[in-house]
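Multiple structures follow.
Consider the two complexes below, in which chain A is the common component and chain B and chain C are the respective partners.
Entry: the complex of A and B
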């Protein structure tokens, strides 16, 4: 890929992300998914864990933020192509000379950035309403983990969106996919509490490595080896996801041009 | 030099019904069409609903892959070189959709400019110019959901021109516009024509094709039935006259009976409020009126006029007189 292309694509990603944010802030469901629902989960968890210590509170803050990230990825990014379908804008996007996945990358970036707001909201909720003094074990490594988590989530979202379009059967399980990932990725409690046969499933989920890095750098011991390993896994998953998604997008668009499904839902 | 070359284009839609015993059905949208469009030409594609106009435009706009044939835009193959073709073209499909209604007109244009590799500094300069060109100056900051249908359609034009394409595909762009909006829109098309853009226009409105197009292809059931300049197409019907008869509540069987009369060359109907206007093409002109009146005996009949044929009449005759 030429350097000029990368600059152009990145500029497009930022513009798409900015305009997507402006567009979505008028949608009350999106506000619910990224702000209200994680707040409800945080309140429930904080009540349940009251008296168990400051670390648990921070664990819940990070965990509820991750639930917001996953929900936005599943519902907003997963439906992003369908959304363009419904608005009648899909043809105009596909007919643009920029690769379609670059556009969806920008939309996913907007969704993920919005979701980080839910983590901030939960932090403020725990600190101001519940009175916890929330400390982060390794602030710099935590920021690094957040950035890599953003990349891992966006890349994972790029696989989900074309799969939902090509195989409608998968999308029917969209709701059923929300809570199992909360559990299997260890968002709100460690996966060590789960039966051991579920562990391999957790390992193949990029959100698990994001949760592991974020928890380790916020409430964990800040073990550098563990953190670097989780970062490495996120990077590997991101590269693989980006590669696979570019193939999926090509396949999806070719199929849509053959089946004439760009206009109709 | 030909900017667009279409050779033996064929496109089929495959539909599937049933869950367990799935049945496949092929619908031929475009059977076999060939035409060329020269640089700077405004070429019209006319035909009834389902004739294959939109399918042809979508193939040219790289949104559909043809089943057979060869389609080239500026010498580029629309399947193999789709991405290069996309840089050269702009398209508008009729209707209000295709814009982000919760965004302002300017944000819509900024968004699409970024997708077409338009430099941000250039797009800052170009967006106000385009809004002025399409008559939306001063309205760009408003959300699109508050725009009228005509304004949305004009915003589509601005969107299409962001990357300054040489080739434009306009698929029934005036559909659903009120007469004033449609007239203003035709003025926009004329301006584009004067800028030497190569334009492919599909429309239902014959007077639109007559007044705008350099050449017109009449398409019916996926085949081109005539291709010429509007004035040459009108020659197809120069020996005929058109008798227009206002009727009230005429039955379809009666229309078919009149169509079958030996002196009737073609017949079409037009709904106007409570009336159905019969447009009868005949060599006999005014002399056919008494025979037509006797065929309509017992029916309530309003005004009857005899006039010279138009491009619309030529079109009706070319597509078999059943419009």
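Entry: the complex of A and C
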């Protein structure tokens, strides 16, 4: 996707995001993915990690929030094009003069932003129900990390959505992709626990760098250089993902127009 | 005699057809993703989390708990699809229009998922041995097999009740997912039940899986069938209660739907 398009069509991006938020707020599966599941994982992790260190509650809040972000990206953003297809609105969106990827970007923006509720809910749960005193060690750096994480997740979602609609074989593995990323991205435990051959896989996952930046800025576990490095990695992955997604969208629309299969893709 | 034969035939045919036609994951790729890889990844995730929490000292606790908890994938999601599928496929009015024995129809929906769920646990325990070196040298395997079977039956009992909910609400997957994840806490798969608050301990005793998981842990640690017999009796009792509640709801739903003429709109 061309970054210029986001700037040119910023009003469209925001409108699509608003409509998506209004549309999805009544969807019980989305409520489950962004509120219930992360909350249950947070409760579980709070019980399991009792006594592992004074920062573990904050670690759990951020980690369980990230599980909500990833599940939402996988199941909601991943199906953002499929969803239009099922509703019969895909043809109209593709025919619109605005680039199709701008619309999907707006949808992903809504999904990722609403998924931040996962973290807020987990925070409230840990503070109000479990009575933890939670402090973010570096608030400004944490906000920076959240913003870059949002960009990294949206960009990653722009790759997943066209892949899922073009290659149904990949989408059928959707259910199996949720927990592996929880594991490989180190949402709730360090990846150092995993076999060393998995480390390179973690490094190529944007959620891993988001988790690092958010954990280090919230618990104070990392120094400034490490945080900046994680930010840099998220930016690089975002640029690469946007570039790759532009090719994927072009391929998807080309296939649909040449084969006249937009209704059946 | 003829009635018994007819009912058994109905039970068997209902079992096979509902599994093949209504179980949405019954395709090789989807089955592998949803019934094998997803539960395996979930088990690995919680085992690593538990290992991190316990400093690597109590890995067996998490592997066994999560491996047995896998029966909930078949017991809850599978059974719900096999019951609720008639609603989505539009075949519910035909089903209620037949003079077939309702009990055979209803409980037949869960039959294949019992074996499917038990197979999932065996695969998970196998992976537990390979990946996390769970020691089965002291295990009474026939008693463990019985435990897995009993736990799967009891979880399918809960699934039958949840499946009935799918006939009266469109949000059943929300309810199912929530119940599935709550079982991760309340069944003792990941947290020792005696460390939970007292109201949670009480709740966990009313659920399937709790006694099955405790029984499996005891048996793998070298316990005998006699040690776990009370747990297994409790587990099957819980399953029968849930299954029976589901059957009552199913019958009630049929009567209400026919009385109000709401079969088409459920």
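Assume the second predicted complex is superposed on the first by the 251 of 265 C-alpha atoms of A that agree within 3 Å, B and C clash if a C-alpha of one lies under 4 Å from a C-alpha of the other, contacts with A are read in each partner's own complex, and residues count from 1 in each chain.
Operating definition for what follows: a contact is a pair of C-beta atoms (placed from the backbone, for glycine too) under 8 Å apart; a residue touches a chain by one contact, two chains touch by 3 or more.
Only a predicted model underlies this, so the values are computations on that prediction, with no experimental measurement involved.
Partners chain B and chain C, once the complexes are superposed on chain A, both fit on it without clashing. Of the two partner chains, chain B is the only one that A:98 touches; chain C does not reach it. Once chain A of one complex is fitted onto chain A of the other, the partner contacts of A:194 are limited to chain C, with no touch recorded for chain B. Seen from the CA centre of chain A, chain B and chain C lie at an angle of 90° in the overlaid model, rounded to the nearest 10.
Shared-chain residue A:32: touches chain C; no touch with chain B. Within the superposed three-chain model, A:43 lies in touch with chain C and out of touch with chain B [touch as defined at top]. Superposition on the common chain A brings chain B within a closest Cα-Cα distance of 13 Å of chain C. Within chain A, not a single residue is touched by chain B in the first complex and by chain C in the second. Across the complex, chain C is touched by residues 28-29, 31-32, 36-37, 40-41, 43-45, 47-50, 52, 169, 172-176, 178-180, 182-183, 188-190, 193-194 of chain A.
The touching residues of chain A, when paired with chain B in their complex, are 8, 11-12, 15-16, 19, 22-23, 26-27, 87-89, 91-98, 103, 254, 257-260, 262-263.
Residues 27, 29-30, 32-34, 37-38, 41-42, 44-46, 48-53, 171, 173-174, 177-178, 181-182, 184-185, 190-191, 195-196 of chain C are the ones touching chain A in the complex. Looking at the complex, you find that chain B touches chain A at residues 13-14, 58, 61-65, 83-84, 86-87, 89, 91, 93, 95, 97-103, 107, 110-112, 114-117, 120, 159.
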